[in-house]
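Single-structure report; data block below.
To keep things simple, chains are lettered A, B, C and D as they appear, and every chain counts its residues starting from 1.
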């Protein structure tokens, strides 16, 4: 089925095998799936958010379930960019995986250092700037919710790397279109949207937050309508491609995102429900395209 | 039913390379019909599935389980210790919320997704040690599996099981532990066995073993507070101890980083891939799990 | 059960029988429930949003279901304030219902006229200003998302009526705390939070939006974690009482809202699932309070 | 199975005050176990419930139905025409999405919440008129109920039923219509009855009635396009016509305002409280419903 249709999509100058990627923080480093499926068949994977130094992350509990979704406050636990380049990237390269490191820093300078470090590595397809993590004290929302700050990070990273730069939008920006245009004008190659929206859940027995950080980012199907609306708004606010994220769990969801204006999608929480989720979505999308005689690129923005 | 400690029986040896952890076996998503459900009363059930492709599990491993029929809520699969593997995987569930309620009510034949086997099994019994299984409530499941594995092993030495529950109705599968060796139970309300907590029995056993010079290997699974008490006593007595951790889980296979348990070195175990069975000494039991 | 505990709560100078109200637009005019339960037992009801003139509302489809929630773009269909005062209010008065008209206008002047019209009526407990409707072309989000505009409406209505003024917050305000403080300082007696967040759903067969307006407001359990977080934030940003709204479907949800800092809650979409929902939530909350030996007022803000 | 039109039979009169709408009866939430499910093939099922408190319904009324066991998804209750009321309410469902899928699969005995009866029933047959029921697919349910009500009425005149489906497998309950009077069917693929659409039969019937001077009363329920065609033909022929509208519904009792259907006067019917059964002439059929 997959072969019958041209599933390739262009994200700016970068061509992806197909429009189904996996979302940062929900797919580890892409090396955890050998028992489940060949990750190289995907359009790409976004790694867990990488920082310059390794991070242990927040104290537990870090996750809790909500109606049709979940909250997380992982706190960007990650192995650090060095260990990623040494231990993870070579194996991903070997497997032929399209790798998009998601990077996170608390200062513009550190974003630049991360970009420079990864720029030197073979097998990196693009960089995704996480300027929208809601679960850290610094470097999260203050970059992603403010057009000026977002533009500053984008411009600095743009200057520091020849790699395509994707900026991950925060749904909590009051002026989402403004942030998006600021990033576009500073040279972002694509926007990924959206990160989680902060939520809260309280244990009524203990009177404590269900996660230690109290607030955590909402992800999963519950989030989908909001994310889809934002992708639609963004696709009308900027000319660069949008990669849609938020509750994508079925191939039908992927089609909706394409119709709303996304050029590709990322599968997040659905991979927790079934590690093969991204593969199933890809297969379903391919057979839908083949049955309808269309391509993902033709679906993009085709909502009437 | 006082504890009888029989120092005359030979210690079990050679079950596997003593003290080392078994390698993680190949994990797969098994979509299996719910084949049987035994109602053990008080919200406890054993669920059985028929698996054409055997689930190559060892005691201590777990599965992430949910039914696609649930739709989007409950969303995440639920971690459950395996009570058995092979072509008839099973689990012991206690109804505490929406997911377990559905498991207790879904009709026979309904397909379930079991991602299994996951995580590290119990570390094999170190040579020359006597297995002591300390269970609390639903934590009994991986210990029953272990007890039955030990029983089935050649030259198997019967484990001593110490099992505590709130009342006599909170001791599911006690008879399966008993069938594998000695069993002593406690209940908080005194409705069965000794009144009090299971650590009471452990204290006695540790004291006896200290007197006799017998080497014990403690395996424990139960509520955090209980495991903490067990681990502290074992450590104080210099006794080998493994615990099966519990934490909320998103994925069960190491990608969400939602299941940390604090380690003494300041970092975290990720329960699903570093555990659930870990060396109790490495856990920072003073930190709350969740 | 209900009698065993003092369920009364104060919303500023206004005392309510208990903290369980119903949310605007999800409970009609409160007269549709005679077959189901006595609405007078509730803390109060917020009416469907009233405008100066009757409105037919948007073209269909107006609603669609999403995972754990729903989207609506009703377009503020309502009988108009005159018909409300003539046909509905007398009956509500007769039944002893605590009535909070929810009012909506596209200009400050019209908000004032609405407030003046209702000020003259007996049996109105407070006014709820809907400055946060996402489903109309004018008068919705531009008031509720901008502190200055929100303050202007609040001040004008405050001056026009002796009734308590509740301002209904939009979750789409980038600076929620800023809007809240602006309303507080202009004399709002309470804040109700939150209105819906705009979402989108697309029919993948027809390629059209599932509702005619394309975007619609997300409500229901899916929204709860976000709304709860905002209530918590608001309760720390202002001193006036907060009335929590968003996905309240069970008494446990109501407890969570109180713990997060709400003084009362409004039940919305849950009334569609079961018209008796608000009553069930009230009963459950009362028996929880009685069992725990606490009162709603003691629960407010008690999250550790 | 050509249509036989028997002008010799007496017209039904006096079923109720002719041409006026029945008052809305007391609505209540009935929590009832799923008692029986008949599989009619091709995704059609009849669901039966046992109701200790009779559901005082009339043909044309509907119920909002869901099971609390569904948790939060599907969230909203689903509108379903009542196929019968009383102590054994039933409905005909067609599986089209998650809610109807669950209705088709939930185990017997599972409690369901039925808010019923809702909305306006069919307007009683006007004096001296011959009832003609024009059904499409699952829209047959309120017409079967009506046919059986008419049959049970004293001096009942058998209705003429015209029933269209895509194939022979899309004509559930055809035999129940047939049992109440005359039935003629069409299928788009010609697998049963006449090939084509049901309006084909209506055209013939209207032509005959025009010739004979017989007064017809058309009741129709089915897809919007079909009802539109029926309504236009009836109007053109000056024939009395009632339609049972369909719209997505949030509440079913008039508070969400989610179920508008455009009226000719520029305002809206709210299907749940102004309908579902309405005077077809008042509907603006050119507007899409949803």
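Details
The definition used in the following text is that contacts are C-beta pairs under 8 Å (C-beta built on N, C-alpha and C of every residue); 3 or more make two chains touch, one makes a residue touch a chain.
Just so you know, these numbers come straight off a predicted model, no measurement behind them.
Just to note, of C-D and B-C, the chains joined by more C-beta pairs in contact are C-D. Between the CA-based centres of chain A and chain C the separation comes to 34 Å, rounded to the whole angstrom. With centres taken as mean Cα positions, chain D sits 57 Å from chain B. Here the CA centre of chain B is 48 Å from the CA centre of chain C. Residue positions 72-74 of chain D are each in touch with at least two other chains.
Counting partner chains per residue, chain A has residues 67-69, 220-222 touching two or more of them. If you sketch which chains touch which, every chain touches every other chain without exception.
Looking at the complex, you find that chain A touches chain D at residues 67-68. Listed in rising order, the residues of chain D touching chain A in the complex are 72-73.
Contacts from chain D toward chain C in the complex involve residues 26-29, 66, 72-77, 113, 115, 247-262, 266-268, 287-290. Chain B meets chain D in the complex at residues 69-74, 98, 105, 107.
Those residues of chain C that touch chain D in the shared complex are 25-28, 32, 35-36, 48, 56-57, 59-65, 67-70, 72, 74, 77, 220-222, 249, 269, 271-276.
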